[in-house]
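You will see two complexes here that share subunit A, one where it goes with subunit B and one where it goes with subunit C.
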Partner chain A sequence: MGSHSHANRLDSDVTRLRPGNGGIGIFLMLAGLAGVIVAAIVSYTGAHDLVRFYRALLFGVAGYLAISCSALLFVLINHLVRAGWITNVRRVLETLAIQIPLLGILLIPTIITVAKQDGTIYSWAVPSDTPEVHHGAGDAHAATAGDQHGAPAAPHVDNHAAGAKPVHTETAKLQHVGKTDNIIPGYHAGEVSLPYPNEQVRPGVERDFDRLVAEKNHGWLKPAFWIFRIIAYLAILTWVAWYYRSRSIAQDATGDVDISSNLQKISGPLLMACGLIVTFIAFDMFMSLDPHWFSTMYGVYFFASGTQAMWAVMCLTFIILQSRGYLKESIGTEHFHDMGKMLWAFIVFFAYIAFSQYMLQWYANMPEETFWYDKRGYSTAHPNGYTPFALILLIGRFIIPFLGLVSRHVKRNRFGLGFWSVWLLACFFCDIYLLIMPEFHWAGTTHELRFGLPEFLCVAGVGALWLGNMIRMLAANALRPLRDPRVHESLAIQNI
Partner chain B sequence: MATIYSDPSTTIYREIDNAVEIPGKRAPLVLGGRDFTSVTEVVTDVNLKPAPFGWYVGFGVAFSFFLLYVFCVGMLLTTGVGVWGNNQPVAWAFDIINFVFWVGIGHAGTLISAILYLFRQNWRTGINRFAEAMTIFAVVCAGLYPALHVGRVWLAYWLFPIPNQMAMWPQARSPLWWDVFAVSTYATVSLLFWYVGMIPDLATLRDRSKARLAEFIYGIASLGWNGSCRHWHRYERAYLLLAALATPLVLSVHSVVSFDFATSQLPGWHTTILPPYFVAGAIFGGFAMVLVLAIPAREWFGLKDIITMRHLDNMAKIMLATGMIVSYAYCMELFIAWYSGAHYEQSLFKFRALGGPYAWSFWAMMFCNAMVPQVLWVRKWRMNPWILFLVANIANIGMWWERFVIIVTSLNRDFLPSSWGLYWPTWIEVGMFAGSFGLFFTLFLLFCRFLPIVAMAEVKSIMPEAHPHHQEPHKQTHDEAAGDYRPDEHHVPKPKAH
Partner chain C sequence: MEAIQPTADHATSSIDVIVPTVVGLCAEFDDVTAVTETAARVRDAGFKYWDVHSPFPIHGIDHAMGIRPTILPVLVLMGGLTGCLFGITMTAWINAFEFKMPAPFNWTNLQGYQFFISGKPLWSLPAFIPVIFECTVLFSALTTVFGMLLLNKLPMLYNPLFRLKNFRRATSDRFFIVIDAGDPNFDRQKTAELLRSGGAVSVETVDE
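What follows is the complex of A and B.
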């Protein structure tokens, strides 16, 4: 590329959305809001009351939250490492990040379920009384009390297929602690400790006391503390996203180099803080859906998964923008190649993280961990409705796109890159579905795949709100940093 | 400050603080007003001029320790693994600690040459050669440990799936066996990468050496390199391919090493974050070792214009970042142990950090890896090579303690209190560990003497003279909107000498 012609090229670069495109954003937002409301109505009139809507909404928000969190982390990383190439695509990254407050608003129903302490979404939010209080609550305990010192999982054998039942090592320990405790192995906790109205509770397991969950209910997962944390997390992330975006926009007007220096200066500590916050969002909002399960990798998993999707969104955004005539001079094939490389890198990184987490728990085969994967159909011994999703993660999210996107020719081809971005986004939502939905149990069924109108409307509706707000915010400012000192470096990049 | 290296009248760069970078401009990476010729000279002088007295002293010390290593290994082979102190319940001890320690050190080289190459980090050129050499020597030190640990060393070839009449095959389900392949693949690719990258520089040494024997050996090693465009083209293709192949290996080796622990059911070993945690720790330790070697080397071999403060600054920042990732992993382990409510996890971490006989080692690790690197936040301290050297050494020590903590504290408290036991190394184990440093430094000093310690060809590629428009008059501009980005615009075209 002729380096001397940059200045002229940039003069003809279309950096503002045409008037009226902001209106598209508002229209999308209204449509999204309507979708979410319809989801609530469909759910309310269906068999599950609003419960299904609450759960579907969390699923709907989760994916976009992961993407926006990753975008924020990458804005910070970009400043921290003084990246050059990314400058011309950074505004979209900043706009993705600033969607966090919108997603926070959409999380209010989730927070309400925790405040109501009814266990609609989180089983740990139900107030847990002491075991003594519960002992007299159901006559079922009398029948099981005799089994307390027998085989650890004996009280539940009659309710489930005995052969498939993992033995929770906690059980043996806790039975010595409280003689009247009826400890529920993690595998079944979700089914039995959710006293929501339509749940058909099986005789004999009603309101069993779960010491593990009870301890968490008074500790880390105390509802008030949880709500405080979630609000604090979202508030801090919002502030950081807002600050970085607003400074970047301010630089469009002034071209002040010090803005870049200052943003770089604070990016290190902020990256640490935001990295921890994203980890704890993953722990508190998603890992705690099953309070029995734990994995030190979970935060990294959430980040890796979201980042992969985030780069897919970035690729698609610029393909669409360029097809409409925007940024044709400032974004070139080299940028698509670089974004494609990031996407491919995160195909591999996500596979690495997902494989490591799965393989280590599979290999060690400890029941306090494996039940989580078992529930998600990862087991060849007890495949269930989620098994195809697990296979999609392996084949659709790693093997096929790994081969499909490995070539530089595909990354440099708009159609090729766009195709794989759409493919990977679809797989990403399968992953989010698999992370969240198997935790919810429905009357009379276990581990049944559930994807209907409310779920679809929530994902699509939140997506439309998220996208619409993004378009609206993109329309308000330039589509790329106009006077960032590294604009020209970004323009000059070349992949060998 | 802001205009130091964009001022056309500045011709002497030695005074420049190139660790400062003004957004939009990239700091020069070679200082001292050096051109291609003087870069070649300063690097080849290390090999072609007589070795300084200090080299002989250093080599003598290193070689003495190497002899100690040979002696201890001799004791081990003639007597048996019983000369080591590991026994139930601490069945893995110094052998595996030191194996993991050395493998970890061996990560920085390939990270610098492969991953930083893919990330277009030009500063890597100043340090990649000796970092790669360090990698290979560290892998040599590492590989010897498990090979010696098998007991009957003469049967170590059984690790490979060689058909035999007893129909005995290695246990493919064992992560230890995966290690054989992970480490040997890594060693092979690292060696190839190192060698391929060295070919143009070996040809330079061939052309400049006066001694017949040296000329002959460098001539063979440089594979008939004559610097033609075709050679360069193939060289760069091969380099890029090797970089792409080596990148996943940087992640895989230490991940597989972590599987040795994490696939078990042992609290303290079995945790899902272990693979990336080990990789980050390895990079942390590896960069610490690169700093430990680079700081004296740039001083003694007169390489301060090529390994500048900017290089040290960047390495310090990578150490800080990876040190924070490692600290993140420590925190996740502690948090999840508490959060999980899992009795055994909680007990283990209580023993490890609070009440156990090795709690001091846990705090030593925390001090070295999580607390001390915090001084690297302060630019003034990063600019002080003495402080950097100290912090890097502490980080190395801390990474050794980390492996000690992981291995020994997890094993010494068995599930049954009656099986609890302590571990203390024998003098042979300590001797072997000290001796492995002797082996490492012996190899490293030989490398410094006989091979090009800086990738001259690559350093030149990032100098202003390599820019196609380098000789054209260039207008200085500070207005981005009218500007013309040139990656090295801060450089001044040197007056032509020829």
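What follows is the complex of A and C.
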């Protein structure tokens, strides 16, 4: 209908970042890199050697990885359903997704800790020999329960005696801490005591044998297999993100409609593959921090949490871009309203997912599941340092923003949308902190809240690297698809 | 389907001349842009009782018609909050309090029980949240559907517009603006002129 008037409007649309903005991106990246290096130095000179840095870096990368993975899934969903409205904001989404290789590079230290098999991050990565005697049943829990009932079979396999390799004393101490603390309470001590967790470090015991972890260590969580998988996941996601972005950029020049139909054609199978990969990234990298705990909902949790943060980042990006005069003609209040609706939808979806996971495990009340929540201070019986974070998830990440962002007038208001985006991003990082940090135990302490300079520098530094690289890549191309066949459809949207 | 004929045709061959009451004007358009622009003119002329009929939703027609935002979302919020309260009260009553219906309702024999389940507190919020949530959704959904029907004055089984043969194309390829004769600004000649000037293919009177 009014496509002529739209075309005229688009002529005055500023779709390229002004020269110099790419420089800002590179400056941000250098600052971020410096921050990460300073975090390493601070950590190295502190009490925990580089261990604290490795852990802080995983925490730093996790949030941005969730956002980028969710962005990639949404690029695919957008093509799959032939979404019209999203077209004019899609280039930023594609650029968010293509940050996956950068985050992959930042995950190299994590991968190194697994390769070194010293248990710095993952307790299952410490080599453990499967005992000769199997208790028949394949079920790890049954077998471990068998151990409790008097079978003194649990062999104390000693690293030093096995002569595997000389272990640094500091590392050995950490190994010891990492191992003991992650065992299900009661399994190692031969006593089951409620309430959970009973996580004190038992002095004088070099190493406990944990059948469940030992079996995982030889199976799904075999370090070499794990490293192979992580690299494969990141490589596939990178390829998909690169392919979708590069085709979209190619279309800017040619306006070839076949590109759109081709991307749509392959988006279905790729969405299935990438959905599984993101789920398995969540399982392998983050859920395996505690190899005893399992939840099939964890992958969805990771995706829902990341997607909520991703829409908050999208809203903020376009508010900032428009305040600087970009995309004034192609992005309107309707787009902000739509992004606000996605943000609000994922407030609800995240709450739904998070509560479902909690409610099922709370109701069943099985020790091998509930200890995970107990560690995070969810229990009213044993609140700990993480309890405020758990409350932030309920109140700050659901109840308050649910009511705050429910009105369409707030979603259509740049200030309102920006405020809730910042709010939700802050809550998102609390969530990531709560997912990862309680798994790390420090010699002699449990449930100690660690948020110091290394953690802050890692989150901020990785964030600056991520944002800087995004700005650099946005500056290299147009800020929106220029000749996508659905640009005008996106321009014409109306929220009734 | 020639069952309904305009009464005027019969009037010529009849002794009693029935003068039909004009209830409105119906203008036919074959172009979305024309109907949207004419709608804006009708809005600016200050008409209140009128409507646009289209085979599909027209982007921007709300603005062109000057339709004020619906109060349906507020009704749904109220319905949702009512459902939430209902869910909380219901779970609390039937699981945690042995409360009997008082005097006027004691014939119902309704009574709460204290169910001790799975070692949880009697009124245990996490366990009841699914029920409370579903009640909220149910009440919101019912309010949405019935609120929509009420606000649209549905179901409406008969409308004089059904007599117009051309109006049947409103469900396939034509757009219509119908102005009610009850509108304070309605003037048969001037209003027809207004509609024609907007590019109407035809303007017909709607008879009672």
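A few notes on this one:
By our rule, the second predicted complex is superposed on the first by the 417 of 496 C-alpha atoms of A that agree within 3 Å, B and C clash if a C-alpha of one lies under 4 Å from a C-alpha of the other, contacts with A are read in each partner's own complex, and residues count from 1 in each chain.
By definition in this document, a contact is a pair of C-beta atoms (placed from the backbone, for glycine too) under 8 Å apart; a residue touches a chain by one contact, two chains touch by 3 or more.
From a predicted model like this one, the values you see are computed outputs, not experimental measurements.
When both complexes are superposed on subunit A, subunit B and subunit C clash. Looking at the shared chain after the overlay, A:Thr296 reaches subunit B, while subunit C stays out of its contact range. Of the two partners subunit B and subunit C, it is B that touches the larger number of subunit A residues. Using the contact criterion defined above for the overlaid structures, shared-chain residue A:Tyr363 touches subunit B and also reaches subunit C.
In the superposition on chain A, contact of A:Ile37 is made with neither subunit B nor subunit C. In the overlay built on the shared chain, the residue A:Ala253 is in contact with neither subunit B nor subunit C. By the touch criterion defined above, A:Val487 reaches subunit B but does not reach subunit C. Using the contact criterion defined above for the overlaid structures, shared-chain residue A:Ala47 touches neither subunit B nor subunit C, since it reaches no partner. Once both structures are laid onto chain A, the subunit C stretch out of 24-32, 60-68 or 78-86 that overlaps subunit B is 24-32. In the superposition on chain A, subunit A positions 359, 363, 365, 492-493, 496 are in contact with subunit B in one complex as well as with subunit C in the other. Those residues of subunit A that touch subunit B in the complex are listed here as 3-4, 6-7, 10, 82, 85, 169-170, 173, 212, 215-216, 220, 255, 257, 260-261, 264, 268, 272, 275-276, 279, 283, 294-300, 341, 348, 352-353, 356-357, 359-361, 363-366, 368, 483-489, 491-493, 496. Contact residues of subunit A toward subunit C in the complex are 1-2, 355, 358-359, 362-363, 365, 406, 408, 492-494, 496.
Only residues 2, 21-26, 118, 120, 236, 240, 248, 251, 255, 259, 262-265, 270-276, 324, 328-329, 332-333, 336, 339-344, 377, 469, 479-487 of subunit B touch subunit A when the two sit together in their complex. By the touch criterion stated above, subunit C contacts subunit A in their complex at residues 32-33, 57, 59-60, 62, 73, 77, 118-120, 126-127, 129-130.
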